[in-house]
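Next up: the structures, one after another.
Two complexes are shown next, each including chain A; its partner changes from chain B in the first to chain C in the second.
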Partner chain A sequence: MAEIRLERLRKEYGKTLAVNDITIKFPTSAVTCLLGPSGCGKTTLMRIIAGLEAPTSGEVYFDDVRVTDKTPQQRNIGMVFQYPVVYKGISVYHNLELPLIEDKLPEAERRKRIDDVAQILGLEHMLNKNVSSLDNATRQKVAVGRAVARQPQIILFDEPITNVDPNSRVQLKTALKRLSKQHNQTIIYVTHDQTEAMTLADEIALMKDGVIVQRDNPRSLYNYPNDVFGGWFLGNPGMNFVEYEVNGQSELGGPLFTRPIRFNNLNRDKHISVGIRPEHILVSPQPSAGAVRGQLTRKSIVVGGQYLLFIQIEGKMLKAKVPTSVGQAVAQEVWVECPLERVTLFGEQGTKIETELIPAQPVA
Partner chain B sequence: MQHVKSPELATTVTPQPWWTRLGHALDRRERALPTMLLVPVLLFFIIWNVIPTLWMLGLSFYKWTLTSGRPEQFIGFENFQDIITDNSVWLSFSKTLIWVFGTVSIEVILGMLLGLLFWGSAKLPGRRLALTLLFAPMMITPVAASIFFRLMYDPTFGVISYIIAQLTGQAAPNLIGDRATAFAAVLAVDVWMWTPFMILITLAALGSVPKAELEAAEIDKLSWFKKIRYVILPNGKFILMLGILLRTIDSFKTMDLIFSLTRGGPGNTTELIAITLYRKSFEAFNLGWASSLAVILLLTAIAFTSIYLFVLNRKQAEEA
Partner chain C sequence: MKNPRRVLYNIALWAVAIFFFSPIAWIALASFKTKNGILATPPQLIFAPTLDNYADFFTRPNVGQYFLNSILLSVAAVLLAILVSFLASYCFSRFQPKATGFLMFLLLSIRMVPAAASVVPVFLMYTAFGWKDNWLGIMLFYAMFSIPFSVWILKGFIDGVSQRYDETALVNGGSRLHVLFKVVLPQVRPGLIAAFIFNFIFVWNEFLINFIIGGKTTTTIPTALIIGVSNNQGMDWTFVATLTTIYILPPIIAIYFFQKYLLVGMTFGTVRGEV
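Right, the complex of A and B next:
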């Protein structure tokens, strides 16, 4: 059991600020994904946790032990790098065994652990092969096995499947999932791939410009982003944002809604954005109550047979993801409804406005 | 679809205009340029390398002593037979082997240790200056270095002799004049001169180790020994091998350093094969005999090199 706690962690490279005052806890027995675009500081954060990089200021704790000044050796962690790192010229078995020997495990225990991970990773038949003869994907499996076989309390993954071919990616991901549930380990997984994060993580910490923007379970993070960035970065395509000029008022209406919607404009924002995910928009070829009329400008089929529609409503462009049947049925003219429970409002600073959305009584 | 040229068309081809022809000529010129640039080097190489080597090869079959006044006389393999049965040649040859083994192994071990030390102290202040100073011996002409050391080894005013005298409480030794110590004293000078080279090679080898592999070794808590064995050597061995090869070839033909320190003496204690060769050719002027020895040395050096290259290639093929 080891909970990782970062306190006011900061890392500067010259004038560049890579990690900006991060305070966060990573819980035991859970996979936490650090998700964010390239250059957001997620790898730096992980390297600081590993002890490969010293923070400019701030502290790192494992449980209640301060490890900020400790070397990677003293921290007793496992880590898998972006590029497969193996010890060249020796067998797969020997590769997996090296750290176990350093941990002074008896021979029988070493063999057992190696056999276990090899079985999960599908390496059983390659144990005697020289790692230098393996392809990158298999080498990465060896690297994963090496980190996992030691059964450290903390394992860090730094984009481990980015450089692996798609087929092996699925294999590795499945193996990772199985391995992560075996022992009560704290696992941090860095990635810029949202699908990877969504499928692997118990919790996702979304990073941007050296800051953790939001930290939540994948579903909540996806459905209720508390920042424009989260809405935009997650989803394929990301959230729709429609700008409204409300001039400090607490009401909005067209073009998205047929009747005025009241909300709590505490900050008296002049401009707000209405955010809704493409798959949450209801589209129909026939008019219905609460739906506004729009022009279909383009449609395309996406993975899974769904249709992606580009709809223009009074000069605003909306992307909607709809089931195949709807996608096939719609033509030029469509009716669009944005269910209020799926709508999120963002203020001028891009942060979510905590409010209820109350439809006004339709004018008789 | 393939076009078949009709005979009518072929006859109507007009001669190329002058500018096209000029273009082609320039084209050919362009191809000629690299060749032309190579010619001086090749000429130089042929005049100063190929011809003398062939000449030497030829001479090795002749009996020709400049001082005898007799014309050269073809004697076939007699020189070679003479050399092979000559005890003093075998003696200096075996001394050379000891010399090569001694200098190269000490320089490699010392160079690797110091290289590791420098590499591990990357953040220490003054490291750059220390490195520069350490490389100074390598840049000094061997003859100049020999003169320094002849002075330092001097029993009357040499600083090394003085220190040894102070430490042992006995009379100052004549390190390069004494049969018992001369070889080691000269070897020490070579080590002083060439260890920096192996430090440089070691640093280059260490530089070729991927950072992630070193970090993984840190994370995996590998010991120093294992880190060297499983991370540093597999990545840096080619550069290290190259360094060892260069040192071996160089050490094999050591001449100037020793010659200006001891002239091969006292007696023949420090007479390496290259000095024997020098004496036979430029002191005894027995050019035929000396040429034969030179041919043998050349073949030995080639053999050394081939063994190394063979091992290197095989390992490289293994890696691929």
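Right, the complex of A and C next:
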């Protein structure tokens, strides 16, 4: 049980601002993923939480204890890095045991904990092997085991499976999930891989340029990004954005919609972006009510047999992900519908406009 | 198989090796000869070996103490030097204090002047401190003299150990001492051994300083050799030969067993993870 609370945390390296005024709570017994592109400050944030870097300003609390000035050792955490760090020249068992000896645990307890994590990580047959003879994936398992076996309140993972082959990646991910649920630990997991974040996290904190842009459960974050960045960064491919000139008005029309759509233009924005995810666009070879006509310019098969369609509508390019049957059926001329409940509007600053979308009554 | 070029190489190598080994062979053989046999011209290659010199050697006063001094002084001084150097080079490598490069250069500067130049100030210092012929004082001098080179060797090795090791150990509940001795030390063991051997050989062979600031209680073998040489009218060749032969054994054994570490030591840790 340890909630991590960051208050107005800032880290500057010379003129570079790595972490910009972050205030956030990471809840107990949950896996929170820090997701963001490389260089967005997520690793720095993690290192500040671990105590490996001192913040320029701001505070770090574990529960209500201020730990900003405490050493990593005093913080009672575990951490796994991107590159597997194992103590060379000694056995797997001894690698797992070293921190436990440091914690002054009795022999029997050490053995029990090591056997436990070894079993979950699939290391039970190689406990006596010298780590120097192991491949990277196995070494990373050892590193994970070492961090977990101490049963610290907080475990930090810094892209632990980035440098691991795909097969072991699945294994490690499963193991991580099991381990994380065992001891009610607070887990922060840094990654730039959205699939990893989506599958592992209870909550995702999306980071960009040293700021946490949004923090939500994976599904909401994906479906309702509150920033253009979230829409663009998540998804494969990311969200479609279609620019509209509304000049402060509260009505949208073509090219995406057949009839005017009303929304609440609170800030009287002149330009807005209409965002919709490729898989939320409905495509049909036949015309239908509410669908606009488009030209298919390219189609390709993607993972899972789905088709990725590139559709041009009045000079705007839309990407749509459709099921195999639709993908096979469509020819040059297609009809495209953007369901209103799937559409998100973003204002001039790139932030989401909180509004309902209401279709205007068709003129009789 | 019999490549003539190869054979030629081998002959050349053996010739060079034997040429350099011949003085050692001469003195080692001499320790089994009689006094007249040693000085015979032409040198006797075939002779009846005798152990009289060794029997006589152990009846000489103080030989035991010379050996003890040599062994204790070199081992203690070098161990102390290596402990200090290990901590210092860890600090240089990890915390990189301001002007690390310059400090490292300064450290080495004592090795840049010939010993003959530094011996006078050292002598004056030691008499002022009242440390002349003091076992601890001489040990400290040798440790001081061994530190710079050890720091240079060890810093190279510690630089080669990724900081991630330190961080992993620290965040997983280890103290700095745990990092130093449980995590970093095992990985730089070749460097430690290399530094030990290099400095051990230096202290073992050191004569001038021991001659100047040492005395009766701290005489090491090199000094004993010089004193013993001019015993009762003329050279005491049998004593010199016997003492030398026993004296060169420890370094030869050490080098034989740790050859590979000497090589890594000479490359300042740039050949990493190969040992």
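Note that in this section the second predicted complex is superposed on the first by the 364 of 364 C-alpha atoms of A that agree within 3 Å, B and C clash if a C-alpha of one lies under 4 Å from a C-alpha of the other, contacts with A are read in each partner's own complex, and residues count from 1 in each chain.
To be clear about the criterion, a residue touches a chain if its C-beta (ideal position, glycine included) is under 8 Å from a C-beta of that chain, and two chains touch if they have at least 3 such contacts.
What you see is a predicted model, and the numbers here were worked out from it, not measured in a lab.
Because the two structures share chain A, they can be overlaid on it, and in that overlay chain B clashes with chain C.
Look at A:85: by the touch rule set out above, it reaches both chain B and chain C.
In the superposed model, A:73 makes contact with both chain B and chain C.
Legend: residue contacts after superposition of the two complexes on their common chain; A:340 is shown touching neither chain B nor chain C. Once the two complexes are overlaid on the shared chain, A:146 sits against chain B and chain C alike.
Once chain A of one complex is fitted onto chain A of the other, the partner contacts of A:357 are absent, as it touches neither chain B nor chain C.
Looking at chain A, you'll find residues 50-52, 71-73, 76-79, 81, 83, 85, 87-90, 98-99, 102-103, 143, 146-147, 150 touch chain B in one structure and chain C in the other.
Across the complex, chain A meets chain C through its residues 50-52, 71-73, 75-79, 81, 83, 85, 87-90, 98-99, 102-103, 143, 146-147, 150, 152, 156. Touching chain A in their complex are the following residues of chain B: 210, 212-213, 215-223, 226, 230-231, 234-235, 318-319. Residues 50-52, 71-73, 76-79, 81-83, 85, 87-90, 98-99, 102-103, 132, 143, 146-147, 150 of chain A touch chain B in their complex.
Touching chain A in their complex are the following residues of chain C: 162, 164-165, 167-175, 178, 182-183, 186-187.
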